[in-house]
Amino acid sequence: MDVGKSRLSYGGAACLALDRAMAADARVVALGEDVGRGGIFGQYRGLQQKFGGARVIDTPISESTIMGAAVGMALTGLKPVVEMRVVDFALCAMDEIVNQAAKARYMFGGQGRVPLVARLPIGIWTGSAAQHSQSLEAWFAHVPGLVVVTPGTPQDNHSLLAAAIDSGDPVIYMEHKELWSLEGEVVPGEKISLGKAKILQAGSDVTLVTWSRTVQTALEAVKRAKNISVELIDLRTIWPWDRETVLASAAKTRRLVVAHEAVRVAGFGAEIAATVAEELGIPVKRVGGARIPVGYSLPLEDEARIDVEGILRALTNF
Amino acid sequence: MDVGKSRLSYGGAACLALDRAMAADARVVALGEDVGRGGIFGQYRGLQQKFGGARVIDTPISESTIMGAAVGMALTGLKPVVEMRVVDFALCAMDEIVNQAAKARYMFGGQGRVPLVARLPIGIWTGSAAQHSQSLEAWFAHVPGLVVVTPGTPQDNHSLLAAAIDSGDPVIYMEHKELWSLEGEVVPGEKISLGKAKILQAGSDVTLVTWSRTVQTALEAVKRAKNISVELIDLRTIWPWDRETVLASAAKTRRLVVAHEAVRVAGFGAEIAATVAEELGIPVKRVGGARIPVGYSLPLEDEARIDVEGILRALTNF
Amino acid sequence: MKSQDRALALYRTMARIRAFENAAEEASRGGVSAFGAALSNDVRVRGPLHLSTGQEAVPAGVCINLANEDLITSTHRGHGHTLAKGASMEKMMCELFGRATGFNGGKGGSMHIADFSVGMLGANGVVAAGIPIAVGAAHALKVQAKKSIVACFFGDGAINRGPFLEGLNWAKVHELPVLFVCEDNRWSATTSTEAMTAGAGPLARAKAIGIAGAEVDGNDVLAVDLAASKLINEIRKGKGPKFLHAITYRFKGHVSVDPATYRDGEEVARALANDPIKVFVRNCGLKKEELEKIQKQTHEEVANALRVAAAAPWPDKGGAYTDIQDAGSGQWT
Amino acid sequence: MKSQDRALALYRTMARIRAFENAAEEASRGGVSAFGAALSNDVRVRGPLHLSTGQEAVPAGVCINLANEDLITSTHRGHGHTLAKGASMEKMMCELFGRATGFNGGKGGSMHIADFSVGMLGANGVVAAGIPIAVGAAHALKVQAKKSIVACFFGDGAINRGPFLEGLNWAKVHELPVLFVCEDNRWSATTSTEAMTAGAGPLARAKAIGIAGAEVDGNDVLAVDLAASKLINEIRKGKGPKFLHAITYRFKGHVSVDPATYRDGEEVARALANDPIKVFVRNCGLKKEELEKIQKQTHEEVANALRVAAAAPWPDKGGAYTDIQDAGSGQWT
């Protein structure tokens, strides 16, 4: 498996990263509901068979304690990977994430650390309506102590999960609910650092920053943006975000668009747009979800999504 | 009590508003830990004696159920005012706030509504360290369905609490942990609409937008900003925020500063700055807390606070 | 109600639930992307569909004891509760089809199905989240001095979430009119609940919080009815919350596309043989024609619901922006 | 340990806790803004200070049964647990004074006091939040095949929060080495816990989750020691989690500035008469001189701690930006 490239799904690529991390380091454990069966998206497939139930730990439906126990494990020498299924259920564990995991190292004056990776998939999950379709990366970016990662491709999901497990920080690791089966070439073991954006396409007229599933939408928009040269950046890590790369690009193009699926109001696009406006004083635009709950019915759900046209309009309307 | 002005504390002014609302409308109830004793800040003083334990409801230490029960009450005809003591403890009730209270009306297609006011005081609370000092108003602004209110004065805390109870929406009502004893003139029963900012001082060189306790810091900064004419705006409601007032002011002054105590990164200042940059293309600046947990020791705590100098620097450095 | 009418009513409710679930399942083929199944285009019911097939006796037996003014809360697996509480099959099917004429105007779908007009306060996509809501509704009834009660349905997996403890404690402290119903189908998604649950079970937990109750064969609708009726009587007399633990089985996968291969074949076969509807038909002593008549009516009702739903209008795009909040209405971006 | 040495050790721990709490209280006068009290300037201990005065027998009796490698988690009322687990009084006082030389370098204060070097994994500002953390620590011990155990302290109010149920269930499902200690001081801030708690109490709840244990007079340090030692023995034998319910009383207000006028005077008087230290002195049969020697040493220790703390350096401003996270270190705005 480890030599050369493989064609893997987004979920499979993460699974492989976890597999390798568990094989390499006995401190790495995984815990959560249904992980023993491979996770409901196959993102833990085969791991319990391989590493046993003591390291791939099935849990009760107890989100508070899944996260809280992971904090206890991390403080005492393990490196837990925590399954929350979707970010929406992690709302049942916010004290444990925000008051405990994020702050323990600081509050205890560095006596302990909390090396854990909490998997909180974001995004609209088609037909699943308001309680299963949120994108809350901006929340966690607002919380000191947390790292926030939003992989958009199989390779990134492989390499960034490995980096997250390695990092020693509490990492809010946000896969996208609709990317699990996205396939792509993956070089197993390839390293990608946290905090580094990727320029997917160089351009000179406008900088387009995005992440997660919206990378796909943005690629399509860029393809269709005829007479403009777009520099497309996949941010990949939300905190610490790659200010340098974004600011350098925006300084060159003198125009910025940020696009994300999360609700536009108080989304992380606001942070990027505000920073670029402060630093460079150039025109900025944001594309983000309307401030509406995600409806069940297709026409309603579609209203909650951002689309290629929306991004195109922003790119072309400076 | 009801005629003319009274000198009241910030907490007492809110208590009076609740008192009046309960007297006027039998559907209004209050619930939370220690409310029977008047609340630990006196913000419910005398209410249980007056309205009885059936309407001023003492609860177990069960944040999830305090909020969840309030949703059930609201769906079935009551108008609960929910005490969470500090926003930090409301992290134990995020599913109930975000997945239930905010979305129920929409998910059920308008069959039910959730008229409740959840009191989630924000801010650094001196000497109380990282788990009692957060300002999370930006989170709730990001959540469709919620109203977010941040009163900064006794009068506003009186009038806005009344408006919040009246509104019929789920309102995240964020008093400030260090304002409880702030005194001021209050006209009982005076109406203030949700969503309306207040221009505290007119000016022509720069617009300064702020809210909550930072209004005090901003007033001091404005006093000391010698050669600049500052237009100072207390936003008062974070969602829906008063775009019109802010944009009109910024269009006039051509410079914007937003200042808040919350962590600067992904704070609501980013939303305002980004909006103004998008709409007007003028220079914007943000002043906000460093992205660090709030330390216990005074010198550490002070690092987490924004101060008059910081605001002054922003005002003068365009 | 005479006992024969009551038996027929119970049968009718079970038959309607079964028929609805089968039709919904059929209409959802390909509709979920979890569990490795792909989405197809001609799908009529989208998204995760949690079927209560095989569990019909629980809502039937409980809800026959409720009046229209009584309230219920439900789970992600809520079709049975909704029908048993008296909601229209047609409007539920419309909702599952995402149509404007559904209970929720297409905004909720299966996981948020609700019919406030019959006191059905909503399914819920979050495990155990209905418990505090039910408790609050019961608290409101008490504050308002109303005579109604609340039945709160939840699964066996839910008893390991915090709100179970908090909600039960609250209900007992305030002596609220709630019947807690643990509809125990032995599974929590792909995990055996037993393996993740310590102690003597739901009823023992309730008792430790001072709430008395009963354990009952949840596939025996008459037994459920009897147990529920006794407990509800107590509640109506002002004796505070009660608890019903009903043991049943989930015939289908966790969601409609889940083949549930993780379950032991023998366990499933045993459960299928203990089908609550078959058991009832075998033992009820009712005339075959009577049952067949109901069966036929039920099939017509489902066929009609499908027809109506398939022809019903989609919600207007503008509907995405209504029923959210009043303050700031219109400021949705 | 010989029984007389053990008794002396128990006394010493209680005396140290009492002396520390009294000194901290003294040093905090005016230090909290809740409960209507104002802040003053010469305050040395800032912020809310939750004193465990009167509850000394519980940590003393439990922790004498723990080795340095064993772990504990605590609550907002954590000074007693910290001292009983073997932490330095001086470093705790420095922390309360907000000094760089405190356990947490001034970052935590009373509510987050911790000494990892003696296995004290931290006080916690959130009620019941220590329970899942303790369970996770115990789980880690199991995964790492270590022989140590965890003692998890929490208050009577905490048994009404969700994590209590979740944590106990988890510990039993995975048969983890934890002793749950409910340190029941009858009050939850300004509210009588009894009024807000349904059922037969903490131990009954634990038993319903399959966790056996004992109820004990928490003001009788020898009884606490005995009960804890039995339970901990079982845990060390691999028999899974156990539960100890120790009934005591909170001598002071909820925080140091709270006059606690909401409590019945007689109740308080009765509790003061049942002071665990006085009771012990009366019944222990130890020589007066021995006890006085300890008392004297303790006072010296406290006086020294106060002296050291008052003279200790403040943390550097730069300390506000360390120990947060590695990724993005330096990008703090």
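Letters A, B, C and D name the chains as they come in the text, with residue numbers starting at 1 for each one.
The criterion applied here is as follows: a residue touches a chain if its C-beta (ideal position, glycine included) is under 8 Å from a C-beta of that chain, and two chains touch if they have at least 3 such contacts.
Because the structure is a prediction, the values reported are computed rather than measured.
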item: Per Cα centroids, the chain farthest from chain B; value: C
item: Chain B and chain D: spacing of chain centres that average the CA atoms, whole Å; value: 35
item: Rounded Å distance between chain A and chain B, as computed from the means of their C-alpha atoms; value: 30
item: Distance between chain centroids, defined by C-alpha means - chain A, chain D (Å); value: 39
item: Multi-chain contact sites of chain D, meaning residues that touch two or more partners; value: 104, 106-108, 112, 124-126, 160-163, 166, 169, 173, 195-197, 324, 331-332
item: Chain B residues counted as touching two or more neighbouring chains; value: 59-60, 62, 64, 88-89, 91-92, 95, 99, 106-107, 129-131, 144-145, 239, 265, 290-293, 295
item: Chain-level touch network, classified as line, ring, star, complete or other; value: complete
item: Chain D-facing residues of chain A, complex; value: 29, 54-55, 57, 59-60, 62, 64-65, 67-78, 80, 95-96, 99-100, 104-112, 144-147, 167-171, 194-195, 237, 239-240, 243
item: Residues of chain C touching chain A in the complex; value: 31-36, 38-39, 46-48, 95, 98-99, 104, 106-109, 111-112, 124-128, 157-158, 160-162, 188-191, 195-197, 262, 314-317, 319-321, 324, 331-333
item: Residue ranges of chain D in contact with chain C within the complex; value: 160-166, 168-169, 172-173, 195-200, 204-205, 207-211
item: Of chain A, residues touching chain B in the complex; value: 64, 88-89, 91-92, 94-95, 98-99, 102-103, 106-107, 129-131, 134, 136, 138-139, 141-145, 239, 262-263, 265-271, 273-275, 277-278, 281, 283-286, 290-293, 295
item: Partner chain A, residues of chain D touching it in the complex; value: 71, 73, 102-108, 112, 114-117, 121-122, 124-126, 129, 131-144, 162-163, 166-167, 169-170, 173-174, 322-328, 331-332
